[in-house]
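The following pair of complexes shares a single chain, chain A, combined with chain B in the former and chain C in the latter.
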Partner chain A sequence: MDIEKFVQEFANQFDMVPAEEFTPETHFKENEEWDSMTALSIIAMADDSYNVRLTGDDIRTSVTVQDIFDIVVSKVK
Partner chain B sequence: MAFLEIRNVAIKGVAACVPATVEENAAIPNHDAANLQKLIKTTGVERRHIAGNNICTSDLCLQAAEKLIADLGWDKNEIDGLIFATQSPDYILPATSAILQHRLGLSENCLTLDLSIGCSGYVYGMSTLASYMQGGMVKKALLLVGDTISKMCSPTDQSTYPLFGDCGTCTALEYVDGAESIKFHLASDGSGYKAIIVNDGGYRNPFSELSLMPAQVDTGINRNNLQLALDGMDVFSFGISKAPESVNQLLSKFDIDKEKVDYFFFHQANLMMNERIRKKLQLTEDKVPYSLKNFGNTSSATIPLTMVTQAAGNLQNGTNNIIACGFGVGLSWATMYCQTRNLTIPALITYE
Partner chain C sequence: MQFPVSKYGFVFRMVEESDAEFILSLRTNDKLAKHLSPTEGDLDGQIAWIKSYKQREARGEEYYFLFESQTGQGLGVIRLYNFEGDSYTAGSWLTNPGADEMTAFASDAFAMDLAFDELGFSKCLIDVRKQNVKVLRYHKRFFKQIAEDADNIYMEMDRDGFQRKHQFLNSILQP
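After this line comes the complex of A and B, so read on.
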């Protein structure tokens, strides 16, 4: 899996924030646009692109984009 | 894998009954208006029918059953089976199905059974009742399915309260020699039991005074332990993965041509989840009707309610190949395929 591609896919779930602003270290929950709907979009993206089922706890315990990436990597079949 | 094929049983009719009281989601008290609009857009739920304290799920199912029996012209003495699938029974015990046998004036020779099952309950209930009937000794039977989940939702929990509506339904099944078989895929994953749960009031966590203590769980989520707790992210993730998978498993197991299916009736969870499922299966909008807008998520009742309110015209006239797929609390999910012919479907009943 490619972290740069993942960061772009992650960033695409945000409507207002420019994609360039996202890096693996981004604390995504500090973004103003982050809410429960963005969370669902991230879950849908992981399902769509990687066939991975993220749980509520996966999202709740993650801080950075890298954290989510690592979980997805660990769950890819 | 739990696949079933049941022969010689046909659906004859479907009826649904909702409480008269309607609550508009745009006007829920103590909620921010902008937030409510956003919620309506994502969930697709604009209004819900609410039972209130003096109407039980069984009352709604009873009215649906009375009307359907009358429209079918069935003799009540010929009804040999009644299954009631719900998460909102009248009592902890006895089972509500026996009470319904009496209230409907059915014979003492009628078998009755309660199934404790939610969003997958219509399909699971159908598989149970049809299994009883396939031998040909039980010729006519009723599947009563419904819920009044609004009673369990905290008015100050925006993750549940604006979502759930109430409804009771009745589906009539008959033994018909040579009827095309009903095909099922049934599944469960108890590791996700906490994703949708009422924590207290059973025997794992008996009711105590602490059960009534409200707690701020998250922003916009304030509830006590007798009220429904829903992990929206877990349920979403589960639904978009398992519902399409189950449909595909059924299609492939029984070699069903997806293009020849007239309707796909999915459990009405919320619009965002349902649209994901539809797109994943590459289904066109006209084949996937929704009743979410005016009724919300009515738990086990969503599939028959959608049949009655969104597809009655076509289901009443001619032959239709339909798929129904329920998924949710348990976690439990189930899909069925069947052929319907000239169904008897009374107009939606309002319980006054």
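After this line comes the complex of A and C, so read on.
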């Protein structure tokens, strides 16, 4: 998996934040747009693009985009 | 079903008059109110609305749920109404912006399961503001669009959609 592509896909789930503001180190929950629907969008993106089911706990325990990427990598079959 | 009910780590119960202030705080929250019908910041009006609702609840015509933490902190509300034949409408879905990210989906799963499995409905109808892009994206995974006007998209979910959504939500929520 390509982290740059993943960061781009992750950033695309935010409607009001320019994609270039996201990096693997971004603390995404500190963004004002972060809410339950954005969390669901991230879960749906992982499902659609990587056939991986993220859980609520995966979201809760993650701080950075890299954290989510690592979980997705660990779950890719 | 006996209320309150504990599920997904939250407590669900029927709305009471004493919840008026909390509900008003949700409906007038700047972040949440963007996609709502305008609400007057009037506590007496909210109490009167709940009094009227409790009569509809007693007749089995409508159910308005408040969900809270195990320690009794109010987290949000969701309502089932417009019971017509085999269909119902789900709406008034509001979650406190400070709540855990999964709270909204736990409440959605709870209300949907109750409508299809306990109340026996086989069709859920909703309308969503076109500008409410993320909520639309969420519902489009399970609902079919049946109409639209200048401001809203109207959608319905049948039992097949319900089963797919039930499976999806239960896979991301804690038991």
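In this section, the second predicted complex is superposed on the first by the 77 of 77 C-alpha atoms of A that agree within 3 Å, B and C clash if a C-alpha of one lies under 4 Å from a C-alpha of the other, contacts with A are read in each partner's own complex, and residues count from 1 in each chain.
Simple rule for what comes next: a contact is a pair of C-beta atoms (placed from the backbone, for glycine too) under 8 Å apart; a residue touches a chain by one contact, two chains touch by 3 or more.
Note that the coordinates shown come from a computational prediction; the quantities given were computed from them, not determined experimentally.
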Partners on chain A (chain B, chain C) - clash or fit: clash
Which of chain B and chain C A:15 touches, first, second, both or neither: second
Touching partner for A:38 - first (chain B), second (chain C), both, neither: second
Partner chain in contact with A:53 - chain B first, chain C second, else both or neither: both
Which superposed partner A:65 touches (first chain B, second chain C, both, neither): neither
When both partners are placed on the shared chain, which of chain B and chain C touches more of chain A: C
Clash-bearing segment of chain B, relative to chain C, as chosen among 24-32, 60-68, 96-104 or 312-320: 24-32
Shared chain A surface residues [contacts with chain B and with chain C]: 36-37, 39-40, 43-44, 53-57, 59
Partner chain A, residues of chain C touching it in the complex: 31, 95, 97, 99-105, 133-135, 137-138, 141, 171-174
Contact footprint of chain A on chain B as seen in their complex: 38, 42, 159, 195, 231-234, 236-238, 240-241, 272, 276
Chain B partner contacts - residues on chain A that touch it in the complex: 36-37, 39-40, 43-44, 47, 53-57, 59
Touching residues on chain A, where the partner in the complex is chain C: 15, 35-41, 43-44, 53-57, 59-60
